[in-house]
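Read through the structures below before going on.
First subunit A sits with subunit B, and in the next complex the same chain sits with subunit C.
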Partner chain A sequence: MERSVLDSLGLEIVGVMSPVSICMLFVVLLVSGFTPPTTSADHSSSAQVTAATLVYQESPSDPPSQKLAGAILNAAVFVALVAVVTFVLVVLYYYNYTGFLKAYMRFSAFFVLASMGGSILFSLLRRLSLPIDAPSAILLLLNFSAIGVLSVFSPAVPIVLRQSYMVALAIIVAAWFTKLPEWTTWTLLLALAAYDLVAVLCPRGPLRILVDLASSRDEDLPALVYEARPTVANPPSSSSPFPAASVELQPQTLHSNPNPDHTPDPDANPSPSRSSSISNHADHSVLEIDSIAEETHPLVPTEASRSLPESSRSNRTSSEDLEEMFDTTRGIRLGLGDFVFYSVLVGRAAMYDLMTVYACYLAIISGLGCTLILLSVYRHALPALPISITMGVIFYFLTRLLMEPFVVGTSTSLLMF
Partner chain B sequence: MTVAAGIGYALIALGPALSIFVSVIARKPFLVLTVLSSTLFWLVSLIVLSGAWRWFLPVKSTASWPYVVLLVTSVGFQEVVRLVFWKLYKKLEEMLDAFADRTSKPRLFLTDKLLIALAGGLGHGVAHAIFFCLSLLTPAFGRATYYVERCSNMPFFLISAIISLGFSIIHTFSMVIAFNGYAEGRKSDQIFVPVIHIIAAIMTLINLVPSGCVVGVPLLGFSTAVTLQYCWVMVLRRLRDNHGRQTNN
Partner chain C sequence: MERDDEERRPLGASWRLTHRPAAADGGGSAAGVSGDSVVWPTVDGPLGLSEERSLEYARNFFRWGFCLLPFLWAVNCFYFWPVLRNRSSSASFQRIRPYIVGSAAGFAVFTILLSSWALTFAIGGEKIFGPAWKDMVMYNVAEKLGLTGWI
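What follows is the complex of A and B.
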């Protein structure tokens, strides 16, 4: 029997949507697992000053107008920080400091995985009261982070591992972001969506410059980007990683020297990749390997960790704005920042109710779908945040204000339709 | 009652939908997208409905007629939404066929059409189960459970899970019936769907009577079974027709 049209259609879209869904799922689980023990009172008392709450520290007793003004100020400051960091990155990339960028991103990936991931791990252990001794916990954590750093930057790692570490990074950062106070979260999300729109679509927007620069140099985008493979299409958690991984591994060792990343010289990277991509144009799986080899993805964590050292945990956000999607022969790529902020929205919704979670999830995914459709029309990098975040926020409030009383009312009287 | 109970309730409501998803839908990415968009569609329709009813709720009087009006308007609106969904699907089908012609692949098979209808219905069913049952399940994961006064025989979560199970099956397969009815122009199929929907909704009205759920829930199960049987007979007939036509050619 012949294969029908349906069999392969939409593979790329699902390849992007499933990791996003997995990321959101884990963030929601984390949030709903942690929120019950810490009541809202604890929250405000333990609130630390982060980059996103530099100006105004929200407390539940403030009047709404003050909260709103403070939250808008917070968001403005945060977006300004993000813009500055992105600008610095663009400058560094423009002057070919790719070696520095790469090292920086390694450091920041390690930082995120080890310290932030570690603290999440420990609170998880405490919450589930799992007995584990300190040395083995630390050993496990360090190993986990080390493999993470390797998998993010080294070409010799199976793509599935790399994809799962991308999702893990996004989960960790998003879980931290959900600790922001409520009003600040909402204004921050909206502000970042607007910033994303400007930065990607304006002719002089920093992300636009970055993307143009990368494509003119025939390199990959120097940022943490999730790649959905068109041919292999193994979402990070999919069950059959091995055949795909092995397929990619081999060409990679064949064509490019095992660790192009380690060469600090920026010029060294493009050349092996280009030659290899030419040589094996035929099979797609190979194409992407080269891209991995280059220092492409590192951008995102970088920015984050820059601002980190001081007081702020939340700065990593900044990194994420680089997320645009961009469709080349390699399929769709989605910035890690999109993952993070989608999950932040869903995680915030999870603090209210499960119903808002589902509504926001559907809204975000459909917004992502719309963006992907636009992408296939316009064929250049598009911001992935604006449509999804707007729809998510709208659906959150619609669900909370309109739908919940209705649904709870009817279904507690056991009426359904 | 703990996590196990919560997961159990969730699986009662969503188990069949989950197995359909894993065994049929998840293999074809396009069907996954269909499920998602149909879920969104249903959610939007629910939001519109609740926006319209927001100002009349909660019903103060003890009379049951406001509930009857609510159910009838809701079901009517959802059937209208189904028609809109069908119109959109028609457009999509044309696009897919055009795409198939362009890439010189065969056009949609009958089974493809049925699968798309199934995915669309599954989206509606899943959305129903999620919003009417799953989203209220959070307390079931804790240590306590909850009984409603009108139906003290079973925990509230169990009843709502069973009702959701019925409705998600009805939604799933009535979409198949409806799409087929529209495509073939068979009036009986087209009428069967709203009728079974409204009947099932009215069965839940029996739950308003004290201990009414003892009667209402089995009746709902019965109408679910009728839907399944009808869908089965219809699909079998279509497949046979189709097969016969192919062999004749």
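What follows is the complex of A and C.
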């Protein structure tokens, strides 16, 4: 890396942070706007047993020690479930059951959009008293879900659409996760952050294995992953175990070291490494694109293009420039699980006060920024949850316990603000 | 549509083939490259589909749109916006174009029909439909079926 890690970081940060912010914004709007005022009472009364509350059902009257113990148990069970599911998926992927994985992802995307999203939609309709008739509402919901499933898997959808469906999936799942009782939510978030750390960074961690497998096969990650446009424009993402999807933040480093046979050769012959990764019927189009690029553009040495300034890089003035960009930074990918749990944290904060929302938002975004900087330094998959979630939780409790009494006190006695 | 599984792979591979300069954004996707212009059929420009693959997708999307999935038509129009806009262009554009125009027409018809019906339903209300209106409106139906679990 001759150029500084900060060169291309700005665009990448914006490309990842804006969807995260949009996701959090919508979850906060949903939570603060549409949950009934008597939240805590409501929650315990509508005690549904979910995967995250298998062991212990929190009720507001319990003493804190019991709540804490029960919440820790819940979190442990949930993380164990997530670990098992992830492990099963890794095994399936290892033995090349990609078809089954895809069918499962398809199903889960459809389920999330149609059933969970539909439930949210109908709740909103009732809340807002929008007089839409049943047949057209169902037709619209069906269309929405169908396009969602397609956009997760088919290459033939606009990138913007795919990205927005990823955000929509995250919003829906996060909106449901905010239904968890309070103590369970906090312990669950911390436990998942720890799990993410272990799963991505340990040599035998399931997500690590998954990422290594995917990059050794030169395939997409078999998971629901948001992929930012590669600095300018982006390819797809795929699908995942959505509860287990606290997948990592991953730079695309498939060919990050410029091996000589990978640089575009003037003969317009796809190099072996390139053509091997291309399926047969795409081959001729490859050749054609290569030759066009060659005849219209002078060849610039790869080293030169790598040291080009950012401005010409984004102008894409030379073919190698784009190639290089695709190789080194093919867009940052962020697992949907990260979206979901960031939003869950912010949504949970929104149930207390908007001040905690701001604090948590800033903490999460700065944590994500730290992770991105670490990512551009280390250049392999990193867990995105730990820093952000830890900072978010710390900021939440600091704000709630220290800052809010101070600010509210000073402003009610007209000292400040 | 049924070939999604197989098509993932070529797409994944084809990202790295796209080192042909072109304006990716701006909708037009037309890049003046030293005189002759390269026009991509999709809004994603070099990251989108190639022209020959575009044809089958446009056709499939158009046909599946008739299965009560008019949003597919909308996606089709949006994705192949350059084809819809540029009248002239190459022969492959001319082959794609009928499906895109058909999609646009279908989506327009669907939108007009649905919105007129929905507006009639919403504004007319019980004056037109009588007591049956309460049984047809979505939030009542959803409540009866227990679908409003979220709030």
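We take it that the second predicted complex is superposed on the first by the 302 of 417 C-alpha atoms of A that agree within 3 Å, B and C clash if a C-alpha of one lies under 4 Å from a C-alpha of the other, contacts with A are read in each partner's own complex, and residues count from 1 in each chain.
Criterion: a contact is a pair of C-beta atoms (placed from the backbone, for glycine too) under 8 Å apart; a residue touches a chain by one contact, two chains touch by 3 or more.
Computed from a predicted model, the values in this text were never measured in an experiment.
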When the two structures are overlaid on chain A, which partner does A:Gln57 contact: first (subunit B), second (subunit C), both, or neither?
neither
Partner chain(s) touched by A:Arg126 [first = subunit B, second = subunit C, both, neither]
second
Which of the two partners, first being subunit B and second being subunit C, lies in contact with A:Leu11: first, second, both, or neither?
first
Which of subunit B and subunit C A:Thr390 touches, first, second, both or neither:
neither
Would you mind checking which one, subunit B or subunit C, touches more residues on subunit A?
C
Kindly classify A:Gln66 by the partners it touches after superposition: subunit B alone (first), subunit C alone (second), both, or neither?
neither
Report for A:Ser215: first if it touches subunit B alone, second if subunit C alone, otherwise both or neither.
neither
Common ground on subunit A, meaning residues reached by subunit C in one complex and by subunit B in the other
none
Quick check: in the complex, which residue numbers of subunit B touch subunit A?
28-33, 36-37, 39-40, 43, 46-47, 49-51, 53-54, 57-59, 67, 70-71, 74-75, 78, 96, 99-100, 103, 105-109, 112, 115-116, 128, 130-138, 148, 150-151, 156, 159-160, 163-164, 167, 197, 200-201, 204-205, 207-208, 213, 216
For the complex, give me every residue of subunit C touching subunit A.
1, 4-22, 24-25, 33-34, 38, 42-50, 52-54, 57, 61, 68-72, 75, 78-79, 114, 117-118, 121-122, 125, 136-139, 141-143, 147-151
Residue set of subunit A touching subunit C in the complex reads 34-36, 98-99, 102, 116, 118-120, 122-123, 125-127, 129-137, 139, 142-144, 146-147, 150-151, 153-159, 161, 175-176, 179, 218-220, 230, 232-236, 238, 255, 264, 274, 277-279, 281-282, 285-286, 289-290, 292-293, 296-297, 316-323, 326-327, 330
Subunit A to subunit B touching residues, read off their complex:
2-11, 13-15, 17, 32, 353-355, 358-359, 362-363, 365-366, 369, 395, 398-399, 402-403, 405-417
